[in-house]
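The following blocks contain the structures, represented as structure tokens.
Same chain, two partners: chain A is paired with chain B first, then with chain C.
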Partner chain A sequence: MTDVANRAPAQPGPNDPTVFASGFQEVAALPVGDLSPAADRSYSAPRRVLRRPWVVQLIALLILLAVWQYLTVAGDRVPSIENVVSFMWTEITGGSHGGMLLGEFWGALGLSLQRYAIGLAIGIPAGAVLGLLIGASGWVRGLLNDTTLVLLALPAVVWAFLASLWFGLTSTAPIVAVVLTAIPFVAINLSSGVRGIDAALVEMSRSYKVSRRNQIADLLLGGTLPNALTGVRLAFTTGWNSLLIVEWFGATDGVGWRARFWYDALRYEGFVGWVFLFVILITVLDRLVLRRLERRAFQWNQKPTLSFAEDWGM
Partner chain B sequence: MATVLIENLTKIYPPTITYPHRVQALGGVNMSVTGNVFVAVLGPSGSGKTTLLNIVAGVETPTSGSVRAVHNGVPAQVGYVFQEPRLLPWRTVLNNMLYVQDRKSDRSRREAEFYLTMVGLNEVAHLYPSQLSAGMQQRVGIARAFLVNPDLLLMDEPFSHMDALTGRSLREYLQRVWLHTRKTALFVTHDVSEAVELADRILMLRPGGVVFDDIPIDLPRPRNPDDPAVRSVERDVLRRFDSMEAAVRFGAHAQ
Partner chain C sequence: MLTVPSVTPDAISALSSREMRRAVMRRWLFRFSVLIGWAAFIGVWYFFSRLVFNPQQLPEPHVVAGESWTLITERDFRTNMQASLVRVLGGFLLAIVISCGLGWLIAYNAWWRTLLRTIVQLVVSTPIVALAILTLVVFGVSSLGPVITTAVVATPYIMMNVAQGLTGVDRRLIVMSESFGRTRSQIIAGVLLPSSLISVLAGARLAFAVAWRMELLTEIFAASEGVGFQIRRSFESYDVRGMIAWTVLFIAVMLIFENLVFRQIERRLQGRTA
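Up next, the complex of A and B:
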């Protein structure tokens, strides 16, 4: 060995920046690129307004209301917008629908939301554990993957009927239906996320002997978070559906039951009003909570939205 | 400082659906590397360089033969700079660094920032890999390898994705850092001048994964690639490389 090679190595450390002082300056000056945001593409002022998301949504809503109004006028089966709104106002404020029949809203809503929340609070973690196991273990995959796929393929209405059959007219039936609908959606998305983790990253982790804890937190959970959220979003929407179906067919309370009550009473403005509320509720939940979470989880992968029409100047 | 001992190492990839033939990536490699040396593994594309490093790093298993990479009798901690950056896309640069550390303490954060500064990337510590250029991502990979205080540095053409200017200053920098740490290093490259600039010893691999030549490089450090002495050694190594190519081609014709 040469003289140089036998010299004791100086150990540089983070508290000893002078060691690298000479070379450091040079390398630190390497270009890192312009970090300021690029300019937006330009449209004329009216077109820019038309492109704002809330304007687009407003237009969609107006079209919907116009179609509704048309259907009211054209046939006699569709209650008018005014009727629905005034009916729901009576329902919400607890006023009289005629005689002794009083409006009922908050009690039913509270009860249904409670069942929904309990169902999701059980179903989502259970689905997550199942999904991670299916994704990470070939043995569990062989055992449960097909079963989970079958469960996924069953429509929410089947769960709803089964749950009412097993548990009768109790609060248990809707909760169980939400749980059973949520589990396969979360599980399948999460397991495919685990299987989609790049083998090169697994190799990297192995060569660096990365701790089990970091591998679980950063590689497994970090890498599958977007899939998990997609699954959760689907669990929220389909879970709500099956809750409504159970309450419709097999309950004596809750919002689904209330909608059916008015349907059976031939008060279609009540039925339509409740259905509208269901839609509004799930849309608000999706917009305000789930999509935001999803966007946050995907922020490492922000690609510009591809729009052919905009590329073509339309 | 690690000792790497490789005996009769072969690696044969089994046939696959798309390529129904066995592929011999390594055909009996023998080498021993010990002490504070920087060894370049030089070979043309497909000569098994990446396979060799993967086996030393323990991410791939040999078909036959033995590989040991030890430090004081225990398996050496490896710092591996891959041919591609291999960063977690969903973690920031800083968190990618912290990923390879056991504990995410203030101290490990300072260490991570220190090595990021070393490769000129402290400013982008909070960006995601997709927001960096390919060269910048590779520099994160280099910082990560030094961060684990490795006994053995494995580098797989770390500069091949960079523009020549960035590659040049990083090579110079790597040389300086290495002179201070003197970690045992296995550096894979197909670039003769890179090998001569950095290495104490060049192992030449020929296609089929066999060591063709083992060339000591006795040049004083730090080395300047424009130095005539470096240039002359480079020409010499290049000639041997050409003779290997010729031998390989002649062998192919003879069969």
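Up next, the complex of A and C:
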């Protein structure tokens, strides 16, 4: 193995984010974010500035914006950055888009978030119960595991289409779509967490007559929380996806419909602006809330740092 | 003090045969419950299509099976499935080509690693619906759009494993090849490629699973042929039967690819390196 891999387990810590390749394959360890000041001393001052991590991140963002600008100039379809920003400003403040068309933002957003929340509030507990049953008992696993895998294999689009055909232009359709996409993700992850609980620990807690309540709190919750949170995070992201699809194809309100409305009206700047809002919303939720929770839950579990893939957000 | 029970060979064999019988019982119970599970799945489907919805909203399993069979025998099926498969594989191969270059950069260059990390984090956390719709804006209804988007989504997964494979290569092998006077291209072909290939394949399988989902969704928004387009057309003409049949067939083909093709290649490679 390389030097890096040998060094890795010895000094894991927040300041030395050397990662372990898990998730994909236990082959190698790659250092992440290793534009360290120590290595930088050999560079001249201006080059050292270019090697600051936040400068590199800024450069990455500028590259993406440059690609956008290029697409705007090269084709006639992609709206320019300033058009999108000013359009969304009108949309958010409720100003006029020209003529009778008024901006509408908070109403649509509130409605969609409400549907999203209801769907997740039903789907996540339902998936959790299913996952606990599949994980805890052999014959329930035989009974329900394949069905859950079938549900997992179906893309969110299909659920979204089925829900909007079944329930029409109501709020039920998006909610049902969110529920149906959320359930298998939570169930599969939680059941693998339950199956991963050390049988010896269960045996020991029994022979030491640990109370039922402590068994549940320390063994079941402690052991499955990381997996459960992974499932919940996936339920959040795929649920958002299917909500948007239902609203795009079969709704007369909500954020997905609003984006579709501007697309059909050939106002691409409005449509692109809304799509960016979808991205920002789910990214903020994912990065600032869900991933942090997940990371904290994984901390006790002999996993010193993030895996390479996790650090890259996959 | 622990009291150690006296253990005779007879007791051991009696115990083990009892245990063994119990294990066999348990295995049969499990198989039986799998069977019951499938029966229940189909039963619930019938229940929903007959009693909860009507057969037009959710056709019964046998109707969907029949529809799938008629689809397979029609010429429509081959042209659409072919169009989708070509796009999935085209995007996938494009992703592999890009990944080889970027994976190299990630493995050996810290600056590029930090730069690409930021971009990958953004791409990966974008909802795939948003990507599909943006494809529609940038490329319009075309067959190039889905290929590009599929490549963009699949690249991070393969790239990551190319980098992992490259850093996992035994440095001593490279030093040795250099001291035996091997050229750079010989080292790449003889050392780097074979020892990183298994890691790359593991990523490729995951990337393929991501790729076909992305491609299907992009076709739903921005294509004029292909399975995704057919699913959308069935949806818009309220033809649930056709919609489910197309979905089932597409997933079946993709799972065959994932499980048969990739697993075969992986097994063959593992046999060679072991």
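Note that the second predicted complex is superposed on the first by the 240 of 314 C-alpha atoms of A that agree within 3 Å, B and C clash if a C-alpha of one lies under 4 Å from a C-alpha of the other, contacts with A are read in each partner's own complex, and residues count from 1 in each chain.
Everything below uses one rule, namely that contacts are C-beta pairs under 8 Å (C-beta built on N, C-alpha and C of every residue); 3 or more make two chains touch, one makes a residue touch a chain.
Source: prediction; values computed, not measured.
A simple residue count on chain A separates chain B from chain C, and the partner touching more is C.
Touch criterion not met for A:84: it reaches neither chain B nor chain C. By the touch criterion defined above, A:283 lies against chain C but remains apart from chain B after alignment on the C-alpha atoms of chain A. In the superposition on chain A, contact is made by A:59 with chain C only, not with chain B.
Within the superposed three-chain model, A:147 lies in touch with chain C and out of touch with chain B [touch as defined at top]. Touch criterion met: A:200 reaches chain B, while chain C stays clear of it.
Of the two partner chains placed by superposition, only chain B is touched by A:222; chain C is not.
When the two complexes are overlaid on their common chain A, residue A:177 makes contact with neither chain B nor chain C. Once chain A of one complex is fitted onto chain A of the other, the partner contacts of A:128 are absent, as it touches neither chain B nor chain C.
Common to the chain B and chain C contact sets on chain A are residues 1-2, 4, 24, 27-30, 32-33, 35. Only residues 1, 35-37, 54, 57-59, 77-80, 82, 84, 86, 88-91, 95, 99-102, 107, 110-111, 113-115, 117-124, 128-130, 133, 136, 144, 148, 154, 166, 169-170, 172-173, 176-177, 180-182, 200, 218, 221 of chain B touch chain A when the two sit together in their complex. By the touch criterion given at the top, residues 26, 29-34, 36-38, 40-41, 53, 57-58, 106-107, 110-111, 113-122, 124-130, 133-134, 137-138, 140, 156-157, 160-161, 163-165, 167-168, 170-171, 198-199, 202-203, 206, 213, 216-217, 220, 231, 235, 238, 240, 243-244, 247, 251, 255 of chain C touch chain A in their complex. Note for the complex: chain A touches chain B at residues 1-2, 4-5, 9-15, 17, 19-20, 22-24, 26-30, 32-33, 35, 200-201, 203-211, 214, 218-219, 222-223, 225-226, 299-302.
Residues 1-4, 21, 24-25, 27-35, 39, 50-51, 53, 56-57, 59-61, 63-64, 71, 75, 77-78, 138-147, 150, 153-155, 157-158, 161-162, 165-166, 237, 240-241, 244-245, 248-249, 259, 263, 268, 271-272, 275, 278-279, 282-283, 286-287, 308-309, 311-314 of chain A are the ones that touch chain C when the two sit in their complex.
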